[in-house]
Amino acid sequence: MRLLHHHPEVQKIDLYTSSEEGTLFSMKYPHTTKLYDQPLLKIDQAQLTNYDVLFASTPAGVTSRLLPPLIGKGPKLIDLSGDFRLNNVADYELWYKKTSAPIKAIEQSAYGLTEWNMEAIRQADLIANPGCYPTAVLLSLLPIIKERLIDASGLIIDAKSGVSGAGNTPGPMTHFSETNENLTIYKIHQHQHIPEIEQGIEQFGNYKTPVTFTTHLVPMTRGIMTTSYAPLTKGVTEEVLIDCLKDYYDGRPFIRVMPESAKFSTKQVYGSNFCDMHVKVDPRTNRATIVSVIDNLVKGAAGQAIQNMNVASGLEETTGLNQVPLFI
Amino acid sequence: MRLLHHHPEVQKIDLYTSSEEGTLFSMKYPHTTKLYDQPLLKIDQAQLTNYDVLFASTPAGVTSRLLPPLIGKGPKLIDLSGDFRLNNVADYELWYKKTSAPIKAIEQSAYGLTEWNMEAIRQADLIANPGCYPTAVLLSLLPIIKERLIDASGLIIDAKSGVSGAGNTPGPMTHFSETNENLTIYKIHQHQHIPEIEQGIEQFGNYKTPVTFTTHLVPMTRGIMTTSYAPLTKGVTEEVLIDCLKDYYDGRPFIRVMPESAKFSTKQVYGSNFCDMHVKVDPRTNRATIVSVIDNLVKGAAGQAIQNMNVASGLEETTGLNQVPLFI
Amino acid sequence: MRLLHHHPEVQKIDLYTSSEEGTLFSMKYPHTTKLYDQPLLKIDQAQLTNYDVLFASTPAGVTSRLLPPLIGKGPKLIDLSGDFRLNNVADYELWYKKTSAPIKAIEQSAYGLTEWNMEAIRQADLIANPGCYPTAVLLSLLPIIKERLIDASGLIIDAKSGVSGAGNTPGPMTHFSETNENLTIYKIHQHQHIPEIEQGIEQFGNYKTPVTFTTHLVPMTRGIMTTSYAPLTKGVTEEVLIDCLKDYYDGRPFIRVMPESAKFSTKQVYGSNFCDMHVKVDPRTNRATIVSVIDNLVKGAAGQAIQNMNVASGLEETTGLNQVPLFI
Amino acid sequence: MRLLHHHPEVQKIDLYTSSEEGTLFSMKYPHTTKLYDQPLLKIDQAQLTNYDVLFASTPAGVTSRLLPPLIGKGPKLIDLSGDFRLNNVADYELWYKKTSAPIKAIEQSAYGLTEWNMEAIRQADLIANPGCYPTAVLLSLLPIIKERLIDASGLIIDAKSGVSGAGNTPGPMTHFSETNENLTIYKIHQHQHIPEIEQGIEQFGNYKTPVTFTTHLVPMTRGIMTTSYAPLTKGVTEEVLIDCLKDYYDGRPFIRVMPESAKFSTKQVYGSNFCDMHVKVDPRTNRATIVSVIDNLVKGAAGQAIQNMNVASGLEETTGLNQVPLFI
């Protein structure tokens, strides 16, 4: 809502709900008072076809049923859940423990990692917006894997996220007194973003490998950092790695390859659509450490969704997404 | 820098420093990489007259010497320190324990509480941007005091601020391990914003009274809440108070008088130039509780400074200041 | 559990539950692994009479039914809810919006503000452990009110609490992403601790008055600070106020009247049973500001409950309660 | 101070300082009011020999000069800096960028990883208390490395620490507004604890290898988590790893090998001397993930120092160290 409100080409925003029909959005979220005082509307399939773009932001297992009937009916569909991300139906059912979307709908969709799939995004009616962790991981690793600068079969990814990644539903993982002043490791080797990362490495990096991936909950609201480790290909130096990233992302507005001497932290992208990355070679072990940060709610969710809307609608990719990070 | 970068009428920004000449701003603050990669410049009085607007953001006691020679030399001067806020030189020296600015420069300046002093701001060469606490206190109390709806001689103001209000210099009050998971009361009855509040009540509310004012440091980065208590004038109801605020601020873009049933918290203005206010009458004691929130770094500092720049430059007051609060 | 585990006279601890029978406590709270690996037991009235002491820690409205049948059956009953705190049944029903406990049970109970009601606590079978806010407020104000050093009819109490005061049940008020980096005012003039404070002022301070009381939620887990304001009685100085507090609490192990030059913050009592207090007179307005801090989970709940157990069991008041605060 | 105050065999505590002579400790740290109101004393070598035990808590490069003259003069010396930890003088000078302590003093010292070096600690006059990160890493890895259950040449250690690990001196890394709501990676591959970890693996695990080690600053005060990754030795299962840890630490009071279904987080050891560990095998990549948590200020510093004092003084290892973690 914040980002759409800033978007110069958005003329009208309606919000639909399955459970809070009639509630004024600004009573639920007082920061939108004067900016968006409309009530939430009841979902109605017929109404939904009247929009140019539909964003669906639901738990897994909802849009697999809701969106397929709308494909080709008019609106560009941008789904923020995991329901259309995995090409392999069995993977979805194994990791999400739910019934998959119909394979035909998945085949009609485009994976919305904007920097790597722009042509498909431009043409698709349904865009599967990537998960927050896969966005940070893939953007920082794909050029290096594709150029075979590391041995990706040895990839170990240690990921850390702020608490808003756990969603809006109160529960023990998001209960202040259990989360504040605390760091928790969770879903070790079992996070549903693992197959999405592996699929992305195969699809865009042309390399097939399982990865070790763990996730940690950090006592902050926003931000993801992924720290990835891999053996270097023989002869590859830090400079080669950095140049590779700079070359791939030359001219891409939301990617920043950071110089060595800067501090590197999640807050440098807070509230913005940037993905910042940083590389250090460990000469003692001949491994590379590749670090990446995003705002999980912007480049990791709503920001990338709007970036995809821009691409799919023929707008400049950065339209409405020029927010300067809120560092302090 | 964040706000100026968003401002459509700002063409060029240069940063001057007394101690870090040559440092790349984006090395110090990596979130500005690609957005502002310029070096800090050495302060040079002659150079400074070449700009349309100069913002001065220094500790107390610096601009009282730095700015007077520049008055009338071209640039609109907007000072974010306390050096030109107090009309009474003795007050400044008592509360700030420093030598005051020359009385003539003070007389040439306008107090920059935009909503209450727009005509003077429009004409002045030097604008004394208000303190963070006085902004939140005065905006929420002035209409009610001016209309004599409360007995302002009984005013008690309990103020709470995030840690960024303590400035950018590391010290015990800003040391993470002493501040995190901790609430501190400080400068009880001794904060230098007290005379500024009393002067504002007199100047704009036509009422002369000392106030009881205490300040608390809250373990968060941004945000100020002021909770003010006063006896009600006989016959005044909650509705009368709310209507008074709504009438005074009708059409003012940055003031929001919040309805009763909403939650009321600092984060609803996070990153924005809003000042939100809320009133509750306690029928058991016949007192009013008036609560106000601002982002201390925006409406309490840089945002109001840009609002003043807009007014002083003949621009629409909201230009470049339409940031939606970053609630979560 | 933490405090009882440290208590040298406690031989056996059993935990009863209405909803999680059989759950290992240490699976739910891993920090008790090796220390308390027992399962939660199902509540059984007959079993409960076998203990020397029963602590009841439930939402309001539960112990009003659960405990009365156990009075006089053997165990000392210590109730941490509000069900037996208010002598006036109508007050309970007005503020808690629930059916009161039987008036006879209330009359048999003692209000457990240990420093002020020790004789009654020693003799009662049922102890109504005070609320967290009333503990901090009453301990710091009672001597001053009783000695008529302030005009208590003008009392304004601005209270701030960490999030653990909102209980263990996940909900919007305790949701990390809504609470972190945020300060919220809630239940303005409507908190159910108001009648408890007024009753305590009347019972122990011999003064009957309504008070203005507001509550704020601070982004930290533990800690309460109450900042109280009142007009001074003519001729009373800061020294008189401080001496009054020091005299009343001379020799009381858990009360610390802090010297002026120290910092004053909630974390100085973190994890301990201390109540620290501090007084400043505002000579410009002739008012006193009285500040008090406790750990809401210790002196504001479990610690005071154990202090009451000690008193009621003829033990030294400090037994098992010598925890040094965990400042950093 | 907190832990020594609780210790039943400690009779007298004096505090020495190089810069704040005469300051009352309780004015600096108000939480110790009534508990420790003594002034800080000026360091005087002659006086220092009058104690049974001396703890030195200084930056690196101080005790290398201060302590050697005191060896054999009476007191057991327990040094919390890095000055006597590294047997190889060149390593110290390379990683700490300071002149090493005399090699003879280093040879007379014992490395104070209590669970692994008890005999040497018992006999030494000088104990080099381990670094916080090495304590967490070594305790969780040594049994598994010693038994060759993983290929330690592939070890990657991703470490996360609360801000108190950065010390008590205010600076950008500990400035609240830069650290709060932020996660920072720092000293990538360059932390001075790397040679200490490698030395411990060689000395106690009989395996010589460089390790990849990175460190992250988490917005919380206390707590360290280390997440270590390594290829499994052929045929090794999760059960084998867990049994190995349980066997090695059978009967050790401060080590807890956590069951699979519990949550695993830093706060479960908050304020206590526990080191908790947890192991998960990733069957898809045939790697082990070994996680360990300590309170960096207790088992990672003062707690282990007192544990070493107990061992060196012939007391029960747990004396004064039975604090239950403060989970919420």
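Note that the chains are named A, B, C and D in the order they appear, and that numbering of residues resets to 1 at the start of each chain.
Note that in this section a contact is a pair of C-beta atoms (placed from the backbone, for glycine too) under 8 Å apart; a residue touches a chain by one contact, two chains touch by 3 or more.
Owing to the predicted nature of the structure, the values given are computational and were not obtained by experimental measurement.
Two chain pairs are in question, B-C and B-D; the one with more C-beta pairs in contact is B-C. Chain centres were defined as the mean of their Cα atoms; on that basis the chain farthest from chain B turns out to be D. A separation of 45 Å divides the Cα centre of chain B from that of chain D.
Mean C-alpha position of chain B lies 38 Å from that of chain C.
Chain contacts: chain A has residues 164, 172, 177, 180-181, 219-222, 263-265, 267, 270, 328 touching two or more partner chains.
Put simply, chain D touches chain C in their complex at residues 1-2, 5-6, 26-27, 29-35, 164, 180-181, 221-222, 256, 258-259, 261-265, 267-272, 276, 297, 322, 324-328.
Across the complex, chain B is touched by residues 154, 156, 158, 160, 162, 172, 177-178, 180-186, 188-189, 210-212, 214, 216, 218-223, 225, 227, 229, 263-267, 270, 278, 280, 282, 284-285, 287, 289, 291, 328 of chain C. Residues of chain C that touch chain A in their complex: 163-164, 168, 170-172, 174-177, 179-181, 219-221.
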